[in-house]
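Labels for the chains are A, B and C, by order of writing; each one numbers its residues from 1.
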Amino acid sequence: MLFNILKRSFLNQKRAMAVMIVSVAVGTAIAASLLALSFDISSKVSRELRSFGANIVVQPRITGLAGVSGQKRYLREADIPKAKTIFWRHNILGVAPLLVVRDEKQNAQVLGTWYLRTIALPGEKKGFDTGASTVMPWWSIEGKWPAGDSEILAGIGIAEKKNLKIGDRVAVGGRQLRISGVLNAGGREDDMFVGELATVQLLYGLPGRISQVAVSALTTPMDDFAYKDPATMSRKEYEKWYCTGYVTSIAKQLEEVFAGSVARPIWPVAEAEGNVLSRLELLIILLTAVSLLAAALGISTTMIMSLLKRTEEVALMKGLGANTLQTVTVFLSEALLIGLAGGAVGYLLSLGISSYLGYQVFGTALEQKGMLLPISIGVSEVISVLGAYLPIRRALRIKPAIVLKGGQ
Amino acid sequence: MSFITIEKVSKEYATTRALNGVDCTIGSGEWVNIMGPSGSGKSTLLNILGGLDRPTEGIVTINSTDINRLSEDELARFRRETIGFVFQQSHLIPYLDATENVMLAQYFHSIPDRGEAEEALKRVGLGHRLRHRPAELSGGEQQRVGIARALINNPNLLLADEPTGNLDRSNTRNILELLKELHAQEKFTVVVVTHDPFVSQWARRVISMEDGRIIRDEPVRS
Amino acid sequence: MSRFVLEALFIGAKEGVKLSFCTLLVFSLLSGRERLPLKRSVIAGLLVVFLASFLLLTLPVTFEMREIIVRMIGYVFGIFFFLSIGALFHESGTDIIGPFRSVGGKRVLQIPILLVLTIGYFAPDMAGSALFIADLASMAQAPMPVFLASGLGFVLFIAGTAALGRKVQPVFPRLFGLPQVLLTLALIKLLAGGIRGFAELTLIPAVQAGLMKLVHDVIHQTFVMILVPDHPVLSTTTWNFVGFLFRETAGLWLSLILLVTPLVLFVIKHFREPLRYPGSIDRPSQRRMFIRSIRDQRLLKSLPVLFFLAVIIMTWFSQQDAPGVSLYLPDPKPVAADGDALNIPIQSPTEDLRDGAIHKFSLLIRDEQVRLLIMKKPDGTLTACLDACEICPPDGYGQSREHVVCLYCKTPIPFDTVGKPGGCNPIPLPTVVTDKEVRLTMKDISEKWVLVKSGASKTTVK
């Protein structure tokens, strides 16, 4: 009988029902696609952000008097392939050696690095492509990366200051070098001359030396355990820490392979990731809440409208002896059915929306999680029940005596 | 022991006093007509008897239950198990057919039973109209569905508010004859509110009201 | 306050709540003067359990004791579960008591049976908790606060639940008949019977594993009997099929079905059962009301059963993702070397190394247990490794779907990379694979085993 009432009530108010189902569906679809986005966002965003550079830097360890006297220390270029031999080698996405020297004549710094280099790895057929182009992918070069040891890049800042253009010659390290391009890095490099590592080593007589290594690594998010001081850990804890891909433990392992080095995570990058993520999440939560609220309001107003038309019906039900529970049952099951339909439609819609969003934001589709179907339906049921709350309260307040007597 | 006892019942609305100390008893199986001009309080009295409204003062006892003491849900239960209503408008649900309209009363009472509902419609002479929607039925037929619905749960008390108000003479006669027949079979108590003296021919007792008071209460000689 | 004291308080509270709730539940069935002796026998049983667990607190704890207790909890769950199903069917009109009816009705027998059931139900939990508390006490600096805290939690929560329960108790008879009470007791055993924390559903894996093993063994034995191992046509496909049934998910599903079927059958039967109308009904509306009231009653009494079904199904699948539970962990088979050569047959009547599952073997080297891991890689080759890596302590590996998982650090390792040296990978052994067997040498094994021992300490150098 309940089924009959519902069926007829649906067929009889097709427009109102369609409006309610659509509003639930839209709300749910938005919520579900945002949810899909946030499921995906942690991994995708962190990968996106990762590509914005190194998160570990390896520097020479300054010990004893060296720190006081300002004596320069260097790392060995030959140690670089070892970065791919550590326990977490697969998580090392890029390595770039950096050699920074000061050129007194130009009153500027000169940076030597690899742009793109393939490192042969022991026991692997495929080499490892790395260099500044993978660790600093945002570098944009107008012109070309220096070919051979007679060319160099000028940072965009220094190029403007000294009015240098591509093809000009500039005296660096006691030699006349041709400017093959202008680098726009958006950082300190803009005020430097940048060249191939081997060239810079040659110019300044530092063969095989590098001043630091920028490493980009995929890491396990830091948790409480990760912040523990390894020095105070028990043997078991230490092993666990060592075995987990925290940025700190990866840094520790890098330190072990670079002779005389100290490796530290670049926190600003990691923290920026966290900030961006939490801000995004807040945004997502707000958007979801707003769209769900709108959907619930849509249900509420439409249902009240339809209820006004059905006042006589409700009064009659009460006259026939329907109690609170029975009256609520009729309207609640209507809401639940709307929720079910809206949830299913909303889920289908969200498939489209989320793949669109994925392409817009990340350039790839979002991973479709099967979990989203029950979640969507659950969400839409909650919306519809919330939306039905006011109408149901209103229905319960209807006085049958007045309505039934009143007639037309 | 009387079936209905009304003691000093008054009902006040914001500005008017609809009932003013009504006292009355009705025995089990009686057929009583309440007559009076509009505004005399007869409908209010009927609503109070049906548990659709509560008196401001006084006690109403039906079948030894003081209905003022019942909560809303208990009152609903009392309505569905004890009382059948027939209204001036038949108040059928437009999108349900005749049988389903009767089944609705069964649904709220206990469980719907199609066979029984169809049987009840046949008894009121609508065996050929089982699948018709209210809009496809004449006024008299609609009122017959209303009667079938009111009686489907075997109530002890049938309350009718101007049941023939929208019908012509011959339909009125048919409906009342039908009620009389069913009353003879089922022995429920009938209270009919009307302003039409023609309807009183079927009653055994007529109570006349004016300004919220009972002014006359006399048996009808048939 | 130390962690141990808090934990002891918690354990005590948990036992208190459990004990008083279960007792209230049972007492709701035993109301009335004529059942007073039965009530007394329950109380007597409780006292016995209580005293016995005090004694247990003083005993030294061994690992075996804990194993036994977990197993007992499992048995008790099983007993109550099947008793409740019996009672469910009995109540819905199936005569399954039959000849025992005359026995069951005798008060003389009811009292001892109830006593035994009470002791059997509460003893394992209390014993387990007592052991756990003794354990906590031995770890804490001062044992006394731990004992006191557990006692305090126990008493406070018994009192609390009893006070609260008295208010709720009048509702019990509407929801719980004898079968529902038994079922709820079984459910409590399943969910809160664990001897560690409350949230740790320790029993579910145990019951699950037990049922899965049963299913597995039955199927295995049947197929071993039916099949000729080296049948030219049948063997591979059929063995693959058997292999499919051996998968953890098959066991999971089958054990779930085993547990859920009787309950579903009951619910169906319960609702399908024809009504007997009392003679006093003469009006159709009365008949409908009668049907309605019976229907409501049935629905109400099915609620605990439906709830139980839902809980079982949910927990069954929530366990899937829990580490260590869904992992396939074969028992290592002892093997012995023939001189320096260790040859393991690829196919035996009971085992096929190429079935896609991991296979473990154990052997003794200088009084030390060394485990081997042999498995087929996705490229079809067989690889043999030590069941240990260079970094973690040698806890070994379990198998998840497409990878092995280090039991110590939970690092998943894809099948492809098993057999490659280094990192968290199992240490590969030089292997010669012939048509019939995998050939290893003891020399290689013991050399590599040294790696495990030194490797584990190597990483601790700072």
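The rule is short, and it goes like this: a residue touches a chain if its C-beta (ideal position, glycine included) is under 8 Å from a C-beta of that chain, and two chains touch if they have at least 3 such contacts.
Just so it is clear, the structure is predicted and the values come from calculations on it, not from any experiment.
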{"item": "Most centrally placed chain - per-chain CA mean versus overall CA mean", "value": "C"}
{"item": "Most distant chain from chain A, judged by the mean position of its C-alpha atoms", "value": "B"}
{"item": "Averaged-CA centre spacing for the pair chain B and chain A, given as whole angstrom", "value": "70"}
{"item": "For chain B paired with chain C, centre-to-centre distance based on mean C-alpha positions, whole Å", "value": "64"}
{"item": "CA centroid of chain A to CA centroid of chain C, Å", "value": "40"}
{"item": "For chain B, residues that touch 2 or more chains besides their own", "value": "81, 106, 109, 111"}
{"item": "List of chain B residues in touch with chain A within their complex", "value": "43, 47, 50, 52-53, 72-73, 76-81, 83, 85, 87-89, 91, 93-96, 100, 103-109, 111-112, 149, 161"}
{"item": "Interfacial residue positions of chain A with respect to chain B in the complex", "value": "1-2, 4-5, 8-9, 11-12, 312-313, 315-326, 399-401, 404-405, 407-408"}
{"item": "Complex contacts: residues of chain C adjacent to chain B", "value": "283-286, 288-289, 291-292, 295"}
{"item": "Sites on chain B touched by chain C in the complex", "value": "81, 106, 109-111, 113, 116, 152-154"}
